[in-house]
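Each of the next two complexes has chain A plus one other chain: chain B in the first, chain C in the second.
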Partner chain A sequence: MPSWPAETKYISHATTRIDGPAKVTGRARYSSDIQENGWLYGMILRSKWPTAKITDINLDKALQIPGIKAAVLARDKNMTVRYYGEELAAVAGTTKQACLDALRAIEVTAEALPFVVRENDAKKPDAPRVWENAPNYPAPRARDHGDVDTAFGQCAAVIEGFYSAPVQIHNPMETMGNTVSWTDDGVTAWSSTQGISSVRDGLAGSLRLDQSKVRVITEYMGGGFGAKFGAGVEGVLAAKLSKEAKAPVRLMLTRFDQALAVGNRPSSFQKIKMGAAADGTLLAFEAENYGTAGIGAGGDSGGGGGGADIPMPYLYKVPNTRVKQSAVAVNAGSARAFRAPGNPPASFGMESAMDDLAVKLGMDPLEFRLKNDPNKIRQHEYALGAEKFGWKQKYQKPGSSPGVVKTGIGCAGAAWPAGGPSRNTNGEAQINPDGSIEFRLGVQDIGTGTRTVIAVVAAEMLGLKPEQITVKVGDTRFPPGPGSGGSTTCASISPTVYDICTKALEQLQTLSGIADARGENWFKACKKIGINPITVHGQWIEGLSTNPAGGVQFAEVDVDTETGLVTVKKMLGVHDCGLIIDTLTLESQINGGIIMGMGYALYEERVMDDLSGVVLNPNFETYKLPGIADVPEIEVILVNMPERGVIGIGEPATVPTAGAIANAVANAIGVRVGSLPITPAKILAALGKVPPATA
Partner chain B sequence: MKNSEPENFGAHSRRTFLKSLGTVAATAATAQVTTVAAELEKANAEKIIGPNAVPVTLKVNGEKLKLMLEPRVTLLDALRNYSSLTGAKEGCDRASCGACTVLLGDLPVYSCQKLAIEAQGQEITTIEGLAKGGKLTKVQSAFIEKDALQCGYCTPGFVMSVTALLKRNSHPSAAEVKHACAGNLCRCGCQPHILQAAFKAAGVEMPTKTEVVNYA
Partner chain C sequence: MNAFQYATAHSTGSARELVGDKGAYLAGGNDLLGLLKDYLISTDTLVNIKSLPGLGKIERGSKSWTLGALVTVAHIENDADIKKAFPGLHEAASEIASLQIRNVATVGGNLAQHSRCWYFRHRDIQCLKKHGGLCYARNSENRYHSLFTGNDCISPVVSSLATTFAALDATAIVLRDGKELRWSMADLYADAWKNPYAHNSLQPGDLILRVEIPTSRSRSAYMQVSDKHTFDWALVSCAAAAELTDGKLKSPRVALGSISPKPHEVAEANEFLDGKVLDDATATRAADLILRDAKPLEFNGYKVPMAHALIRRTLLKLKGDV
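== the complex of A and B ==
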């Protein structure tokens, strides 16, 4: 079995990003920066109706605008749109200004239809149907284990609570989009994607081209968080515009588009009943959860049947459970995968219920978790974190913090059961006689430091320095690898690079006669390759990576009981990291997960208007992300477990944050705010200082 | 908190404000109505520029950039789409994310909210203009060293904001760094490292709060 070296120079140390200089100088070329010769600007016209029968779309006047070179329909002149922002048509022109004029010149004839955008309204039997042939709210499926009703009778304490989380929007800083060039030789797409292979296959399928005729390039992309796996309507439209205009077309979405049509995290409304014995052992759990994935889970599959389920009762061992789940369709854009799909809402609801039950039992919430979470690693992490955080010294009974500004603490756990490596990861290295070496892997860097991981592992294995390794990713012409999702990339590429390096050293030994070509022998050995470079192929191998991943987080907050403002003072994350590759980029990812979780806890919510059917906050003035002044002191404990091999960290880092913050707020004010985001208005309503808002 | 912004930050003169109203009839219900009308008339009497493209000369990173632009073209649009300077990024196109931040003189501005024709005659510095002769500035080096970036799309904006801050205040407090970066958003969550990088660039080393603990 292969194994990682025990003593390391680069693995598990801090290495700065090898593409850092490109990113701080503006030299890094993002998909939205591509300027192919003769490129045109592309823009999409979107439906202003939440539901409508479109009977005509006339592009003639748009085509007369000076500078406009092409205009295409998104689907057909006759079609039904099912949400505000659905694509109708697209134009390409020499300038953005010409495109803006052209969009205004397109004439659309439509008959508006009744719509429904709120979950509770859509559940009603007489609500307008989002899909004609499917109910908005299919009967929930129930899963039963044990005997819930009898078990509740044996509980010393039972709580019932309602916990809800809104639709969250990915909002990567670079919007979705691409530049596409369609020539006789095929299609080249410079796509802002986290999955070059899935975009290639999607484009080939939609455009009816051989997969070999489509090339996708992603040198740099500005974040994805789960929303950027597919070719997207914007990919297909850019290709069609390029074909018609016979020129490359750059079509990036606007920030407004981003809120309407390219994915989100489904909402979650959880009714939870949970009971425990007097010693704190959980005995019974009953829950009903629903949420909306918009018009469906990722396409025209229809109905509200899927896409909003969450794992329940999440981390905890309960012998008797009954869980009912269903999704409700509304006239809004479809959900997509979003960093740890299903887990942040599950963690928020379950961890809130855990604290509420602990309070009712008169137990310390941390002790209560240790009693019911069977996972040994998390048990260890809770102990480490509690010590560092000062849990015992800081914990007070809920609401007992004195004064107007009350302090509270909370904790929560995370699991990410997927997160395993992708076996279908391939790569190659070209080794030149002068000793220079270039790795090529058909993966992409979503911002996690993929190039740097490859360089660190290669440098370690070959006895070189990371800066001596050239890394090329983001091109479907390279040996294929997985999409950047599910916290799988690091665990997929590290063993692949290991394999390439092992094979390279074997070949060099044969060619040069030098027994160990590493380190100072490297250049001597390479000189003996001959005139032509050698190319070494490798793939993911068993024994160097694993899953799952998890962690725990602690939060300390101040709550101003006069204004309702929550200030997060401190976050502590304790995460199992397997074999750490680069402590620096790892720390960045955990910080990022926590900060995104803070947004989920306190600020973020897609707001729909039930009268007009539009998203009311499709921009950063009204859809609030955490800013630098909101971000507290963040402490991170990286639990190093090299014996596990390489694992991923992207998803688990964002899972428990909202639960930990919500619990800290409840601990501070002595009342549960069961609805995310925890806004000042909700705090004041919970304290009885203002009437609750009515939806 | 001390306001560290220069006094003229974001200031509009009365005259430029009135000009921006153009020929739109203003409903003036104050005693100043006649004065306003007179000023409007005077402003409108000046030559109307556009709507067709006009020659525009921008001084970017010390070099002259001659372009033909419709007057409605923003500085960001001019840089990214009419020249090859794509370092400044478009994240929102409405002054709320800061990815497009450039310097006008020493002042950080949202280039998406500045018309290119208005930026004529001023020294414009973009992210591409910082490293002279390929040598990274202290701010750029500190961003790399502290890993103050992930996807890197917001990075040019943050680097420009921190650069502008350190030009006017070489030893800022944490509150001043946060104030200077309050107009920049980062979705990857690099804010703690950006704060560390700003301090590092000012010569102050902030200790990391991260520790590695072996499980076994």
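== the complex of A and C ==
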């Protein structure tokens, strides 16, 4: 069985990103930076109806706009659209303005149909149907374990709560999009994607081309979070436009587009009843959950489902459970995998219920968790975190903080069942006689530091420095690797690089006669390989990586009970990391997860208008995201467990944040705000300060 | 955006001539360019007024100060004398948008900016303000909307400078066809109160030249609450100004933003406060009076307690510890 070295120089230490200089100087090329010869802008016309029968789409006038080189239909002239923003057609032209003019010149004939955009409305039997042949709200699926009704009778305390979270929109820094060039030789797509292979296969399938005729390149990309596994409608349209125009087409979505049709995290409405014995042992759990995945869980969901189901009961051991779950369809864009699908809403609901029950039992919420969480690693993390956070010194009874601005603390846990490797990971290294070495892996860096991880592992194994390693990723011409989702990349590529390095050292030994070609001997050994470089192939191997991953987080907040403003003062994350590869990229990823979780807790919400059926906040003015002034001191404790091998932590980092903050808010003000995001308006309502409507 | 002609004006006279009936004045452009790009308005001529002489200055008189319409928000924020003379104005300026926006945003543009109502701003919604038949907000998502209005539109004024100028009893000087009109903030937004299609009282071709602020109130303060800690619109904003002699308020004025199509002022509250010792009870009574006739809708009722807290806090801030 292979094993990682016990003494390390780079693994588990801090290495700055090897591509940092390229990023900060602008040398790094993102998909939106690609400017192939003769490239055109591409833009998409979207439905302005939430539901309609389209009977004609006339592109003639668009094609007459000066500068317009192509116009294509998204599907057909006759089609039913089921949400505001669904794609109708696309144009390509020499300027942005020409495209905008062309979109306005396209004539669409449509008959508007009844629609429903809110979950509660869609559940009603007389609501307009999103899909003609299926009810909006199918009967919930029920799962029963033990005897819930009897168990509730034996509880010393029982709480019933309602916890809800809205649809969260995918808003990576770089919007979705591609530059696509279709020539007689095939298609090349510079994609902003988490999965170059899945985009290649998707494009080939949609365009009816051999997979070998499609090449996907992702040198750099600005975040995906689950939204960017497939070619997407926008990718296919860019390809069709390129074919029609006989020129490369760059089609990047706008922020407006991004709010409508690229997938999102489903909403979640959880009715939870939970009871425990007097000593705090959980006995019974009953829950009903539903949410909306819009018109459905979308395609392109690789790396995790985009459905509305969530794991229930989350984390804790409860002997008697009854869980009913369903999804409700509405006329809105479909859901898609979103960083730790299902887990952030599950953590928020369950962890809120845990605190509510702890309060009712008169127990410290942390003690209550330790009593019921069967996971040894989280137990350890809670202990570490509580000490560092000063939980015992800081914890006060709910609402007992004095003054107008009240302080509270809370904690919550995360699990991520995946976080392990994808076995189908391959790579190669070319070793040159001068000792230079280039690794090529058909994976992509979604911003987490993939190149740096490869360089760190290679440097460690070969006795070189990370800056001596050249790394190439993001090209389907390289040996194939997995999509970057489900927190799998690091655990997939690290053993692969290990394998390549082991094989490279073996070959060098044979070729050079030097027994150990590492470190000082590297260049001597390489000199002896002859005039041609050698290429060494490797793949993921067993024994160096594992799953799952988890973690716990603590939050401290101030709540102004007169204005409702919540200020997060401190976040502490304690996460198990398996064998840490690079502490810097790891901390950065946890920071990002926590900030994203803060958005979920306090700011983000897709607002649908029930009168018009549109998304009312398709911009960062009213779709609110945490800004730098909202982000507190974030402290991260990395629990290095080398014996477990490499795991991925991207997803668990964002799971418990909202629950921890919601609990801190409830601890501060003494009442529960059960609905995310926790806005000043909801704080004031929970405190009973809001007068009734007069009109 | 739709095509337009572009011209640079070097005098107010030529600016008026160039702008005609269908043109628009361009200064910082923060709001105007957004409106154009979203096809919410179109204009046949964009008249660059950034080179108009004399409008970029702050003049410090003994009875009043004058802010030219082209003075930037960042200029107000960073001017040490303003911070001393009108601390509330400094506070309001420093909470506007982001530093990048403040660097180019102007006094005139801040006052003239259009509604932020998300129905008005939506490209595919023809709301009442856009001459459609229905105020969607009144009937649906109204969390950011007005507690007071004189018409069917419930889109509030969001200019933090207007709120503060109202409390300071400032006067906007507006050039209309060669004549200078002197408007209070109430005048500047009077049309928005009564007319759903208007967001201020400016007519095509009208140009805000400057704002005069009397120095008679040495105390002023501004506070706002937003969902976020910075770079977010105020849910409610409040400005107060007064002279304070022997602990007693003289000529006090309180104004609120984001809850009415005009800076919300209640004369009865100002009169009540006049001559009073500033304490918690006084401030509370004033807040009661100011919000007495509020008409909360389905989702904006939270603005009532929020405004109440802000009024009290802003008034008490006038005491200062300076």
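Keep in mind that, in the parts below, the second predicted complex is superposed on the first by the 682 of 695 C-alpha atoms of A that agree within 3 Å, B and C clash if a C-alpha of one lies under 4 Å from a C-alpha of the other, contacts with A are read in each partner's own complex, and residues count from 1 in each chain.
In this text, contacts are C-beta pairs under 8 Å (C-beta built on N, C-alpha and C of every residue); 3 or more make two chains touch, one makes a residue touch a chain.
Here the structure is a predicted model, which means the values were calculated and not measured.
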item	value
Fit or clash between chain C and chain B when superposed on chain A	clash
First, second, both or neither for A:Ala685, with chain B first and chain C second	second
Chain B versus chain C as contact partner of A:Asn432, first or second or both or neither	neither
Chain B versus chain C as contact partner of A:Ala693, first or second or both or neither	second
Partner chain in contact with A:Thr567 - chain B first, chain C second, else both or neither	second
First, second, both or neither for A:Asn171, with chain B first and chain C second	first
Which of chain B and chain C A:Pro626 touches, first, second, both or neither	both
Partner chain in contact with A:Thr585 - chain B first, chain C second, else both or neither	first
Chain touching more of chain A, residue-wise (chain B, chain C)	B
Which of chain B and chain C A:Asp609 touches, first, second, both or neither	second
Chain A residues contacted in one complex by chain B, in the other by chain C	97, 621, 626-629
Chain A-facing residues of chain B, complex	70, 72-73, 77, 80-81, 84-94, 96-97, 99, 126-128, 130-131, 136, 140, 143-145, 147, 149-156, 159, 177-179, 181-182, 184-195, 208-216
Complex contact set, residues of chain A against chain C	48, 84, 97, 100, 104, 256, 562-565, 567, 602-603, 607, 609-612, 614, 616-617, 621-622, 624, 626-630, 679-681, 684-685, 689-695
Residues on chain C engaged by chain A in the complex (per definition of touch)	1, 39, 116, 118-119, 121-125, 134, 136, 138-141, 143-144, 225, 227-233, 235, 294-299, 301-302, 304-306, 308-310, 313
Interface residues, chain A side, partner chain B - complex	12, 16-17, 19-21, 23-30, 32-33, 35, 41, 95-97, 171-175, 220-223, 225, 252, 254-255, 377, 380, 384, 446-449, 576, 580, 583-585, 587-589, 591-596, 619-621, 625-629, 631, 633-641, 643
